[in-house]
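Okay, so here's the structure we're looking at.
Here the chain labels run A, B, C, D, E and F in written order, and each chain numbers its own residues starting at 1.
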Amino acid sequence: MNWGSAGEFLAMGGYGLYVWGSFGVCALALAMEPILVRKRRSDILRSLRRERMAEEMETQ
Amino acid sequence: MSNGLINWFRYASPQSFYPLAGKMIPWFWALAALFTGVGLWISFFVAPTDAVQGEGYRIIFIHVPASWMSMFIYCVMAGWAAIGLALNTRLSGMMATALAPTGALMAFLSLWTGALWGKPMWGTWWVWDARLTSELILFFLYIGFIALQAAIDDPRRADKAGAILALVGVVNIPIIYFSVKWWNTLHQGASVSLNKSPSMAQTMLWGMLVMALAFWMYAIAIALMRARAIMLEREAHTEWVRSLPEVTGGSAR
Amino acid sequence: MKAILAVVRRDLLLAMRRKSEVLTVLFFFMIVVSLFPLGIGPETPLLRKIAPGILWVAALLASMLGLARLFAADHADGTLEQLALSPSPLGLLVTGKIAAHWLVSGLPLVLLAPVLGIQFDLDAGALGVLVVALLLGTPLLSLIGAIGAALTLGLRGGGVLLSLLVLPLYVPALIFGAGAVEAHVSGLGAGGHLSLLAALLALAVFFAPWAATAALRIALE
Amino acid sequence: MKAILAVVRRDLLLAMRRKSEVLTVLFFFMIVVSLFPLGIGPETPLLRKIAPGILWVAALLASMLGLARLFAADHADGTLEQLALSPSPLGLLVTGKIAAHWLVSGLPLVLLAPVLGIQFDLDAGALGVLVVALLLGTPLLSLIGAIGAALTLGLRGGGVLLSLLVLPLYVPALIFGAGAVEAHVSGLGAGGHLSLLAALLALAVFFAPWAATAALRIALE
Amino acid sequence: MLTAHGLSCQRGERRLFAGLDLSVGAGEWLYVKGENGSGKTTLLRTLVGLAHPAEGEVRWRNQALRAAADDYRRELLYLGHHGAMKEDLTPFENLRLSSALDGNDLPERDTLAALHRLGLRGREDLPVRFLSAGQKRRVLLARLVTRKAALWILDEPFTALDVKAVEMLSGLIGEHLSAGGMAVLTSHQALPLPAGKIVDLSSPEYLPGGEGR
Amino acid sequence: MLTAHGLSCQRGERRLFAGLDLSVGAGEWLYVKGENGSGKTTLLRTLVGLAHPAEGEVRWRNQALRAAADDYRRELLYLGHHGAMKEDLTPFENLRLSSALDGNDLPERDTLAALHRLGLRGREDLPVRFLSAGQKRRVLLARLVTRKAALWILDEPFTALDVKAVEMLSGLIGEHLSAGGMAVLTSHQALPLPAGKIVDLSSPEYLPGGEGR
């Protein structure tokens, strides 16, 4: 264990800004990417479903 | 990965690859989460404070994996591109397209974390060091690849053009790297050297390796996800997509 | 007014459709800026000294890149004729096109410049002056550029000729813009340079759309 | 062989017809180079130090200017289809076009560079090295550029995209080219740099026309 | 009422025609005929004010063009040889944007209706670049439906159109005329339209004397 | 002898036609008909090898196109919708340069003769940019006279031509055929040519089944 307290952990021995800046942006980016890909997927699925619906309406 | 390659060859058509990828994705996510957990634990709680750099050095645990991945993904991407040009399989183009944004992201993270590391260690966000500069150029190459593909609407054409660019890039990356290196050392003994950190303790090495594995799993998972989305987009009007359960069944909202 | 907006909307839509348009201007800017250290060498003090000049020249080249297309595409496909025949005055439509050009290829540069400044080790104050100078200078570049684009419309070798006409006209913007940053760095204060830039901008806003419109009418004959 | 010559002759004729073509590349080169003293300030030692870098970057941008038109004009008016259907192999015709591009926008730079070098107070030896380096480097730029031009053919926002693709690939040429002059000035001898440039050129001569042709075939599909 | 008097036009050093009088009133149309290069396009561009006559004058509702410029442009619709379309945009977007530039915002319904009327159903959202030659022309012609204009000046509107489209376009022009509109057309094909006034630029009547050839 | 078997072509996601068989032998010509957007241009581009069929094969003198590529290109003349001309150059220069690219140096006499035959007398030295729509097409068509080719593939060669020019072009094609040449044409106008084979891409026979729409 390197850290006495949560405050110490956050301070990172004075390098908090840099360390958390790196880890934070990294986490953010790696979390955003799957979300964006998911959205892309659900967009295309929605338009596919809509097309299907339109076709069903036409054939009826 | 080479193992996976052989499998993927058998599944080289999108309609058989699509469900397979769907099954693999959760596993890679699970592995990525596992390695991330272990890696973060090592990086913050096991690895000791560095004698020279204090706690600041902990950036290494994402900086180095991101740097490695940025270079590695480019090679994989070019590999897929070459396969696509040679064998004209639809899947390979989709995989190359799916990998590029992740590679660019890794290059960006390498630059970002490096800059944030450089400020406390070297007192400046950026120096025109060989490794830094060539990483920046690699980032540009990724952006070029993505922009080129985005500008072409016919996917098959986009794949082929992207493939040529990726291959030209792969030939050039070593040339660029060595030229930049030479450029830098000829002018001056680099004012700061990246290698002066003390011989890394075993734990640090382990932490880096585990984090690298985590990044790796993440990259595979996200590339597969993106490839699946691309397949849906490109093959929207084929029979197999139209009869997918998520298109026919799912609660149509 | 409505017509201006319609033009701006249309040009932005076109830029978005060529998805990467805005981004590519940005990356071009970044790459050109990064080429200089590769050509000149990596010594920081030297680079810091020439940074404002390099950033300004790169901004100037980047905003010039899109210029050739400013009217050319509309000319080639006959849209410009249609604009000239449209009920709204051509001058307004031209103003709209210039505004759209700045939004696409000027504003992004202003926003990116500080990041590049950091690569050259400029301090915070200098970065601030740089941004203000670019904010005043890039619309000036678009306005002056539009005159050149209109004058070279449909001419053979248009693109290159354009830069030939326009670059000399850009010189004052370059001198005052880069000068502002240097004056700040050397402790002289950037105020004088910036107010000169602003004065030039005010002049151009009145004069340039009119001149560009006149040039367009000639090109259409 | 005859086909290559026919292409070269045709492209040169076209360049001459747009009379100003060659001159404007030259003037662009001159103006860009002269912008720097304006942006940076007139100190001679500083300028002498950055001269090779600036000359090279300017040469690079100047030779890139004409690139967008290298295949685009032929594509837009259908000539490229005709070339692809012509009895001679497309690869040869492409080589011819690249050669013509170099003659129009590379060679003149080589000839003009010493004059501009004098403005930056380079000595005779350095000027010699500069010319040799440009003589080896500008064909390399044309060759690499042709790949980019072929890849971006007919794309939206082509011109800017082109520079995005091509500029990073120009980096080695820039480094060795500008490096040669600097090495000479600092007494290290330019031989190493120059032979590396020559090696790159040899590589590109074999590889680039092939890649450009493949890219063109894709664009024509 | 569009009139021209003693018109003569010149391109470069070459006088194309001289002494041309014409008038088009409500419900009338003018068929400009002539061989290739006889000056039809030049005449049309002169009538809309994009080119200027060497001699003579064009008048709109009894005012000289220059004086009437704003009113004239409001009532005029000119379609030339050129596409005037953005290849990157879809037909739908092209049509709406060109209306917006004319100063009226076209509702989505009307845009679609116009495109369908021109037989572009199913192509509304495909970038114009992908359309066939005839389909591109149809997108352009859709403006005839959406833009209210008293005077249509159309340069070879029937090129690249298939038989059905030619009929449809003639129908459109017929409607326009019977609603009191005016039209000036050129074409090398036989026109399936009720007889209109004819100007044949190749006829010796308009031969420029002396100058040029 | 040009043949195609079971040809089906696709643009983007859309299948245009399927199951098309055709053959053109010496002295024969093929008239490709069809509505706007039915795939005529696409078919022609496939026949010359600029586009690739989704299914089926094109053969020239009983060899697959890819294998016969060099021979085929030597015997082929394709003129598309596009001009393929340099607007900055004169008709004379354009014609000579395109011959040079085909690998034969055209003597000055022959160049002039071809241009005059196409009715461009007096326009030989005027940059193409200044020519009228029909004159531009005529410069393009002059290649029919100067280039010896066994197979002509012409996409709407009659557009923008006036009545005289249409006759002249039909005459040219007639000569070509009676000398044992082959031709594939598209057009929306009635053709003043002796009967040839006809393919109508709009006919239900070639409707693609299932995929696309």
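A few remarks follow.
Definition applied: contacts are C-beta pairs under 8 Å (C-beta built on N, C-alpha and C of every residue); 3 or more make two chains touch, one makes a residue touch a chain.
Keep in mind that what you see is a predicted model, and the values were worked out from it rather than measured.
Interface note: subunit C and subunit D, two copies of one sequence, contact each other through mostly matching residue numbers (shared numbers exceed half of all numbers used). Set against the Cα centre of subunit C, the chain with the most distant centre is F.
Computed centre separation for the pair subunit A/subunit B is 17 angstrom, with centres defined by C-alpha atoms. Subunit A and subunit C, compared by their mean Cα positions, are separated by 36 Å. Chain geometry summary: the mean Cα position of subunit A and that of subunit F are 54 Å apart. Under the contact definition stated at the top, the residues of subunit F that touch 2 or more other chains are 12, 81, 88. In subunit A, no position touches at least two other chains. Residue positions of subunit D touching 2 or more other chains: 17-18, 156-157, 161, 164, 167-168, 171, 175, 182, 221. Chain contact summary for the complex, subunit F toward subunit B: residues 12-13, 210-212. Chain contact summary for the complex, subunit C toward subunit B: residues 18-20, 23-24, 27, 30-31, 34, 37-38, 41-44, 47, 118-119, 121. Across the complex, subunit B meets subunit F through its residues 154, 236-239.
Those residues of subunit C that touch subunit E in the complex are listed here as 2-3, 6-7, 9-10, 13-14, 17-18, 73, 77-79, 81-88, 93, 220-221.
Against subunit D, in their complex, subunit F makes its touches with residues 48-52, 70, 73-74, 76, 78, 80-89, 93, 97-98, 100-103.
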